[in-house]
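Two complexes are shown next, each including chain A; its partner changes from chain B in the first to chain C in the second.
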Partner chain A sequence: MLRFPGGGLMLQKDFKRLAMILLFAPFALWIVLLVVLPHIGMIRLSLREKVAPRVYEFGFANYLDFVNEPIYWNTLLRTGSMSLLVTALALLIGFPIAYYIAKLASNRTRGALFLICLIPLWVSDLIRAFGWILLLRETGVVSSFLQWSGIVDQPVEFLYNDVTVIVGLVYTVMLFMIVPLVSTLDGMDNSMIEAGYNLGGNGFTVLRRIIIPYAMPGIVSGCIVVFMLTAGSYLTPILLGGKNSSWFTEQIYNQFITRFNWEAGAAFGILLLLFTSTVIWLGLKLSGQTLANTVAKS
Partner chain B sequence: MLAQNRSTPFLWGYRLYVAAFFVFLAAPLVAAGAFAFNDSLFPALPWQGFTLDWFFNDTEPKLGMFHDRRLLRGLYYSFVIAVMVSSLSVFVGTTNAFLFVRGQFPAKNFFYIVMVIPLVIPGVILGISILVLASDTANYLEDGFNLELEFLRPGIFLVVLGQFSFITTITSLVITARLKKFDETMEEAALNLGASRARVMRTITLPFLRPAMIAAGIVAFLVSFENFNTTLFLVGSEAPLTITMYDRMAKVGSTPVLNAVSFFLMVGSGLLALLSILVQRDKSSR
Partner chain C sequence: MTNSPMYDLECINIAKSFGSIRAVDDVSFDIPSGSFFSILGPSGCGKTTLMRMIAGFEEPSAGDIKIKGRSVLGTPPNKRNVKMVFQHLALFPMMNVYENIAYGLRCNGVSNTEIKRKVHDVLERIALPDVADREIHQLSGGQKQRIAIARCMVLDPDVLLLDEPLGALDLKLREAMKIELKLLQHQFNTTFIYITHDQSEALVMSDHVAIMNQGQFEQIGKPQELYHHPKTAFVAGFVGDSNRWSGKVKSSDGSGGKVQTEQGLEMAFTAAGGLKIPEGAGVDIFVRPEFIHAVRQTDAESASATGDNRMEGIVDSLLFNGANSRVLVRGPQGELIEADVTLTGDDDIKPGENVYLFWSSRQAMCFASRGAA
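The block that comes next holds the complex of A and B.
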C-alpha cells in the first residue's frame, strides 16, 4: 500500500473503531430502549402496591393476588397446557406435509406447494379467524351444509368450545411449523435415507434414527415459535372461544384496558413471560439445541 | 426415498392426506373471500347471487369498502405505519447485518442471541412493556418539568415503535443471511483499483444486498400491516385497519363489507409476497 506506514495504519484503525461504534449504535438503541428498559419498567411497575389513591409502595401484592386467586393461575395453566397440545398437534400434522414438500414432491410441484403454504402466512390472524367463524357458526357454511344434506335437522353451533379454539390455533400457527421443517429437511441428502434402507432399516427405523435426528433443529425451532405464538395469541381464542375462553392474554388485556389496573397487568405480563421462557428453555435443554442454531437460522 | 420403498396404496393415502391438508388450509380463506361477492346483508349461505356492491356501492345499508370512511382511514393509517416500520427496520436490519457479519467485538455470540430474543417474546408483552415505559417517561416529564409530550401517549408513534421492536429481528436475519454469502474479495478488488470505501459500498456491496433488503422490507410491511397483538395496547385514536375490523366484528356484528376488506387484503398481500419471492429469485440466478 502506498501510504505512510505509521500514520496510515493509525488512521485506518481509528476509522474501523468509529465504524464499529456507528454500527453498534442502532443495535444498542433498539435493544436497550425498546426491549431492555421497557421490561425493567414493567418489572418495577409489577412490584408496586397501591396503598391509597396515587400512593404506592414496594411489595409483592400483585403476585400474591395471582397465587391466591385460583381463576388467575388456572387460566395460566390452561393456556400453557393448551399451547403445548397445539404445539404437539401442529408438529404431528405438519411434519408429514413438510416431508412431502421437501422430499417426495417433484421439483415443480414443490415450489408451488411451498408457495401455497406461504401465502396464508401473510393473511392476518383476524381474517383467518373470521373465515373460521363464517364456516363454523350456527348460521355458517358447515351447519347449513349438514342441514341441506339431511344429517341434522336444526342448526348446529360449532363455535365457543375448546375443540374449535384448538383447531383454530393449530391452523393459525401451522405455517410457522412447516416452514422451518421444510428448510431443514431440504438440506438433507437423500442418500442418507437410502443408506438407512440398504443397511436393512424399515421405514419406521429410518424415520426415527435418521430423519428425525437430522430435522431436530427445524423441529425445535418450529415448536418454540409455535408455542410462543400460541401462548401469546389473543385474537383466535377470543373470537373462536367467545368471551369465556379463559386465555391468559385476555386477563392481561382486562387488567390493562378494562380495569385500568396496570400494576396487576404488568405482573401478569411478567408471569406469562417467565412461563413461556421456562418452557422454551426446558425444550432447548431437553433436545440439546440452542437458540442460535434453531430460531436464528430459519 | 422413504415412501418409494412402500407400496402404492400407502403413497396414495399419503397424497390424499396432503390434499386434505391443503383443503383445510384454504377453507377459511375461501369462506372469508367468497362472501364478499354474495348479494346479501349477512356473510352466510344461501347464495343470493353475485355482486360487487360490497366494494363499490355508495349507500347504506350496503356501503362498499371504498366508500366506508372508517375503513378507508384504517387502511391509510395501516399503510403509514407499515411504511415507517419497514423503512426503519430495514435500515437497522442492514446495520445489524454488517455488525454481525463484519464486526469483531467481545461477546458477539451473546449479542447475536439478544438480537433474536424479541422474536420469542409474546407480542402482547412487547406491547404492554413499551406502553408502560412510554407512559412512565411521559408522566415523569410532565410532573418534573411540566413538559407535555403527546407522542409518548398511545398513538401512531408508539405503534411504530412496538412493531419495529420485533420486526427488526426478522429483517436482520434475512439481510444477515444474504451478507454472509458475499465474496469479500470483490470489495478488495475494487479498493485495489482505487475506489473509495463509500463508492465500493454504493456500487458493489449495497447492490448485492438489494434483493434481500427489498424482500425484508416487504416482509416487514406485511407483518406490520397484519399485526394485532402488539398494536392493540399501543393504539390511540388513529386505529389501523386490523383494529377497526376487530371492533366492527366484535361490536357491530359482521356484514360482507368485512369480507370485501379481507379479499382486498388477501389479494394485496399475496401479490406482495409473490413480488418478494421474485425479487430474490431473479438475483440469485444471475
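The block that comes next holds the complex of A and C.
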C-alpha cells in the first residue's frame, strides 16, 4: 500500500476547506439568490421594450420615459429631498438623546433608556402607522381634544400632508439613528471631553471640534441607514400621506401592480437604487468617511 | 503670607465628600513657583480627586484653592490657567499633531501666524520638530507623551497637572521618560504637579513629595527626608522597602531604647519623627534592607561590619537583581529578613550558609503602633 507522507495533514486541510465551504454556503446562497439574481433580473427586465403583445426587444425606452415624464423624476427628487430632511431631523433629535444615553445617564438608567428606544420596534410598521392615524385623523384623539378644549370649533384633519409624513418617518427610523450614535459615543473616553475643556474650550467648541468629529463614523453610519430606509419606505408615506404623498416607491408599486408594467417598474427600481447610492456616495465624499469605517463598524 | 505670589498653587483645608465617603479630608499645602511636586499614594487615597478639584472638574466641599494667589473656586475648568496631562493622555485622534497643539491656542483666539510660530516653537523644545503633520496613531508611546505635554505647555499654564501619565508605558520607556519629564520641567520652568502611586517616579523626579493616605497628607518633604526620616509608620512602610517588626518597648529613655518584638527578638531602636515613646508602648519598627549587613559567621571577627543590633540566621535564598541583589535570611524565630548584599560573582554568600546580620539602632525607625492600647 502506498502511503503519502503527511497524509494526515492533507486530510486535516480538506476538513478545513469543507468547514469553510459549509460556513460560507448560506452566505453565498443568500447573496446570489436574494441579492444578485433579482437585480440581474430587474436590470434585464428594465431594458426590454414592449413592441407588441408578448413581443419585446432590447432598448432604453423605460428609462427615456422616466426622463421625459416630469412627474416621475419630480417624484424621485421629492422623495430624495424629503428623505434627506427626515435624515437631518432624525440626526438633530437623535444626537442629544444618544449623547445623554451614552455619556450622561448612569449605568442603570442607560439600559432602561435603551430599552424604551427599542420597544416601538416590537410593533410592526403597519401598526405604528395606524397608531398615528388614530391620533391624527379628523375624528382622532388630537382633533377631538382640540375641539373639547375649545381651541377649534370643527374637526381638523392632520393626516395626508407632508408634515405628517415626515413626523411619521422620523419616528419610524429614529432608533436606527440612535443605536450607531450611542455605540460610537460610548467608545469615547470622557477624559477627551475634559481635555477639551481643560485646554480652554467652551461647550460649543468642545461639541464642534471634539465630540462631533469623534462621533462622525456613527453619524454617517446612522444617516446612511436612515436615508436608505426612508427613501425605500412604502407603508408610512402611503398610510400617513395618502394620495398626496407622491413617494417614489408608490410609483414603483403602481407600475408593477396597478398598471402591470413590469418593465417600467423594474427601471424605476434600478433608478431608485442608483439615486440613493449616488446620494450616499456624495455624503461619504463630503464627510470624508468611508463605508469601511462607518457602516461596517457599527 | 497666604497671598504671597511665591506660590503658584495653594490649597487651604480642602475637603471633598462623595455621600458619606470623605475622598479628600482637610488637605493643605502650597507649592513654590517652578518646582516639581509629586503626590504619592496608594490607589484610592484621593489623589485623583484632589487633582480634579485643582483642574476644576470637581468642586471642593470645603476649603479654598488659590492659583497665583487668587482663589479659583467657582471658576470653570476652561477659565483656569491650569492644564492637565491625562492618564491616557486624551490626545484627540481625529486631529493631527499640529491641530492637537493648536487646539488650545485656537480656543484663546490666537491668530494663525502666531499659532504656527508657537506650535513649531514648542515642538522644537520637546525635540520633535518634524512630527507636526503626523496623525496621533503614528506616534510612539514616548512621543505621544511629549505631545500631550507640549499641548498644555504651549498655553503657558501656571501649573501643569500630570495624572500618572507614565502608567501605560513599558518599563524601559518609563525609566527614560522619568528623566525626560524632569528635564522638560527644568526647561519650561513651570510648576508640575505629578500624581502617582509609583514611588520611584515620585522620588526620582520631584523636588517635594506629599505622601497621601485615606484622603489626608501623611507627610510633605524632600524625597530624601521622606526616605530617611519618615514621620509616620505609613510613610516608612510605603516609601522604599523595609523589614517590619511589631513589638513592645522594654526600656526607653524617650528617644531610644530597647524593644522586644512579637517573635521575641530584642533590638535597639531610635524613635522616629521626634516622637517620645514610653516604656511598655506597642511599636512598629522598620529597618531598610540596605542598612542591614549580612556577614558570614566565619568572617565575622575580621569583618568591619558594626551595629548595635546583631542577629544570627541562615541564608534562605538569594534574590539576584544585579546591583540591587538581596538575601533572604531566616532568623532564629523563623522569620525572613531582607538584606542588601553586593554580589561580586566571586565567593559570594550562598543559600544555607550561617550569617550574622548587623544593623545600627539609628537605622531602626520606631513608631508607636496605631490603635495600640
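We adopt the following convention: the second predicted complex is superposed on the first by the 293 of 298 C-alpha atoms of A that agree within 3 Å, B and C clash if a C-alpha of one lies under 4 Å from a C-alpha of the other, contacts with A are read in each partner's own complex, and residues count from 1 in each chain.
Going forward, contacts are C-beta pairs under 8 Å (C-beta built on N, C-alpha and C of every residue); 3 or more make two chains touch, one makes a residue touch a chain.
Computed from a predicted structure; not experimentally measured.
Within the superposed three-chain model, A:Tyr56 lies out of touch with both chain B and chain C [touch as defined at top].
Once the two complexes are laid over each other on the shared chain, residue contacts for A:Leu126 go to chain B alone; chain C is not touched.
Once chain A of one complex is fitted onto chain A of the other, the partner contacts of A:Pro213 are limited to chain C, with no touch recorded for chain B.
Once the two complexes are laid over each other on the shared chain, residue contacts for A:Tyr197 go to chain B and to chain C alike. One of chain B and chain C touches more residues of chain A, and that partner is B. After overlaying the two complexes on the shared chain, residue contacts for A:Thr205 are found with chain C alone; chain B is out of touch. Overlaid on A, the two complexes show chain B and chain C touching the same residues of chain A, namely 194, 197. Chain contact summary for the complex, chain A toward chain B: residues 20, 22-24, 26-27, 30-31, 34-35, 37-39, 41-42, 45, 93, 96-97, 99-100, 103-104, 113, 115-128, 130-135, 139-141, 144, 171, 174, 190, 193-194, 197, 203, 206-207, 211, 224-225, 228-229, 231-235, 239, 249, 252-253, 256-257, 262, 265-266, 269, 272-273, 276-277, 280, 291-292, 295-296.
Residues 1-3, 5-6, 14, 17-18, 21-22, 24-25, 27-32, 35, 42-46, 91-92, 95-96, 98-99, 103, 105, 109, 111-126, 128-133, 136, 161, 164-165, 168, 173, 222, 225-226, 228-229, 232-233, 242, 245-246, 249-250, 254, 258-259, 262, 265-266, 269-270, 272-274, 277 of chain B are the ones that touch chain A when the two sit in their complex.
By the touch criterion given at the top, residues 55, 57, 76-78, 82-84, 86-88, 90, 92-95, 103-104, 107-108, 151-152, 155 of chain C touch chain A in their complex. On the chain A side of its complex with chain C, the touching residues are 189, 191-192, 194-202, 205, 209-210, 213-214, 216.
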